[in-house]
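Only one structure is covered here, and it is reproduced in the block below.
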């Protein structure tokens, strides 16, 4: 597969690609507009402040880690970023555009895609179809065209198949494309989830504990894949992870959450040596 | 005064619904299944009582005892044969077997008793209560029904909160797997739930047929659906919910029969259910389910 | 490849229906069809359409609906109403029947949409009971509906014929409450039934194996994940639900044109009818359209074929239902079956996807 970014950008849909091009140009002019900027994000559940004044700035192409002890509010941050929860306060800017309070599907269309801590695949669908659902908003024909099997159906389906197979081959899943998703081994299910998220052509990819439940070999392989995805798709990635080896190995910057608040943030090596971080994990 | 009279008979009808709804709600809460055959258990109970009292001419209390015994056995047997093999199957599969059991019971009754209506002799032989100088007559059946319902509610609540089996039921309804790890015999607990629900169905049958004496193999069907509606209305799985749901539904049904249209009373009952569920998607006392992301 | 496999599977399904038609034609020509079985042919097609359409909601969308008979009822009445209304304006029965099919599907589809908007927010058993409630409400309302027409146009009432206030000379009562609609031409034939079943299959199978179908199934498999990749949940739920309702409406029109008197009785359109259709869907296999057709046809024909056993036929039907479900769905039975199957195949490989 060619590694140029052209094959990666979705150019099939004229409207969407026009939009995307316009935004990229805008971002280029401003130069320093970060891919994600979050200011003072908070939410509480019945009096408990699950996330309190969360801030982060992620530059384009960065591999950013979000770490913290269990219950620190990491997944809640993801749920806020993807519109599963509406924040009480704060602002979320994606490529400089305010997306605060938007619905989950709108946020995905704006360009944030995610994976889940507990894998959420479309179990009864084939591996290929899982990715094709991800392509849903980029390759279109109407329901009627689909039922009547008009030429547009065959044309778009062909494009979708090619694109989906391309993505699957990145994750070495192309041979299993006809498997039912639930029949894949665990590690491959995690990869398929990433492939599906990438199919939506996001600007920012959120990975929720991608290495959970993996053995050291699988984790090492996953690290390579994440790095590869970043390079190949020039993707900006924010990931939650407990595996410190993985975090130290691939993340350039980290934010540490503790009891819903940002404990510290900065360059990975400095953050990991911070006494407060060690205390938060291990206790005094 | 006529309003009060319709209201009281509505409460009495609602009390019957509430007793039936208990069977639905307990089975749903503990076995996570919709027992569509529950309404037909009422019919079986009523026919047993009818046979003992009208055919053999015995005391109504012996009749009710026989009905309760027969229904308890029936409930446990049906659970063992038709539902237990599907414990780990999809809820839809269990629903279909329950429908099969419902057809089965109706057709057995049809074979034995035929499709003609039988005249059920009321199990309540007390005089009616005449109030307000003869302006308001409250039927003794209604009074007995309401009192029975209250007693059953209190007894059941006490059973669940005070006995070991009741606590086991709560545990199984909360988390079947965890309960089984704690040494609770899940199968036994579910069997007991069916036994109680079915015994209550027999009592409900006696009370229902005392108020509406025409007994056919399909007698249990519609009250069963209404009681199920009542259980959902009050919040399925909740015992006080079944009581509230039953009474509210009974009153609405009777008042709309009296003041709006007897043909539309069912439609009105269902419309109220829809409105309630749209405002409170898990019923009046139902627990809110949050899906964790 | 799966794509070819899908094509073959679909071709088998269409082929099966066409073969059934051919066999019946041959049997009819050679005089092997009893009049009893002839009377069963249109209902067989109708139940197959109902089962396939309900399978779209239950198997593909994954929502339990117990109100399918309500949509069928809407279709039946609006279709029969149209056919009777246009008696003078459009003399051809065939054309009127065709128009009725379209109107019936449209009315049921629109109601599916309107009912779906509030209902599809609910989940699981709550959704099931609310669809049951809607089905009963539709049936009850049509049961008290009186519609008449005279020189001044249409008159409606929820009370009785006299309150329609029709002109004595030109007035005609079209819908008579519990007595329903009488005099609809019995234009429904087995061939039309089969054609409608093929149309239903065409719509449903093509829908499933398209972009829309994948979106619908993704919601069934994991709503939260579907949302996270930009699938519009409400839109696709409503689409599946209303298409399913429209097809049920079409089946209703077919039904209405096979009877001289159409009544909104509990036997015709009550919740028991909805449950009966659900039984076909579940026994045929969720999401399996061919299974739905086979189950609908076998179980519709079964009580008739058992007619010799008279009083015991419904009892046998009930036992068949229980035994079949346990055999199909019980984990122990599935295990037993797979052991037997693998022994028969001599340890053949497990299939994928």
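Order of writing sets the labels: A, B and C. Residues in every chain begin at 1.
As a working rule, a residue touches a chain if its C-beta (ideal position, glycine included) is under 8 Å from a C-beta of that chain, and two chains touch if they have at least 3 such contacts.
In this text, all values refer to a predicted model and were calculated from it rather than measured experimentally.
Engineer: Give me the step distance from chain A to chain C, shortest route via touching chains only.
Structural biologist: 1
Engineer: Taking all protein C-alpha atoms shown, work out their mean, then name the chain whose own C-alpha mean is nearest to it.
Structural biologist: Here the chain at the core of the arrangement is C.
Engineer: Averaged over CA atoms, how far is the centre of chain A from the centre of chain C? Could you give it in whole Å?
Structural biologist: A distance of 42 Å separates the two centres.
Engineer: What whole-number Å value describes the gap between the mean CA coordinates of chain A and chain B?
Structural biologist: 51
Engineer: State, to the nearest whole Å, the distance from the C-alpha centre of chain B to the C-alpha centre of chain C.
Structural biologist: 31
Engineer: Chain A: which residues touch two or more other chains?
Structural biologist: 84, 116
Engineer: What parts of chain B, by residue number, touch at least two of the other chains?
Structural biologist: In chain B, residues 293 touch at least two other chains, as defined above.
Engineer: Quick check: what residues of chain C touch more than one other chain, meaning two or more?
Structural biologist: Residues 224.
Engineer: Residue numbers of chain C touching chain B in their complex, please.
Structural biologist: 58, 64, 118, 121-123, 125-126, 128-130, 132-134, 136-137, 140-141, 143-144, 158, 178, 224, 271-272, 275, 278-279, 282-283, 286, 311-312, 314-315, 317-319, 321-322, 325-326, 328-333
Engineer: Going by the contact rule at the top, pick out the chain A residues touching chain C in the complex.
Structural biologist: 82, 84, 104-105, 108-109, 113-114, 116, 120-129, 132-134, 136-137, 139-141, 143, 146-149, 153, 156-157, 160, 178-180, 183, 196-197, 199-200
Engineer: Write out the stretch or stretches of chain C touching chain A in their complex.
Structural biologist: 1-2, 202-203, 206-207, 210-215, 217-218, 220-222, 224-233, 239, 287, 352-353
Engineer: Name, in rising order, each residue of chain B that touches chain C in their complex.
Structural biologist: Against chain C, chain B makes touches at 28, 34, 36, 82, 85-86, 88-90, 92-93, 95-97, 99-101, 103-104, 106-108, 110-111, 221, 225, 228-229, 232, 236, 261, 263-264, 266-267, 270-271, 273-274, 277-278, 281-283, 289, 291, 293.
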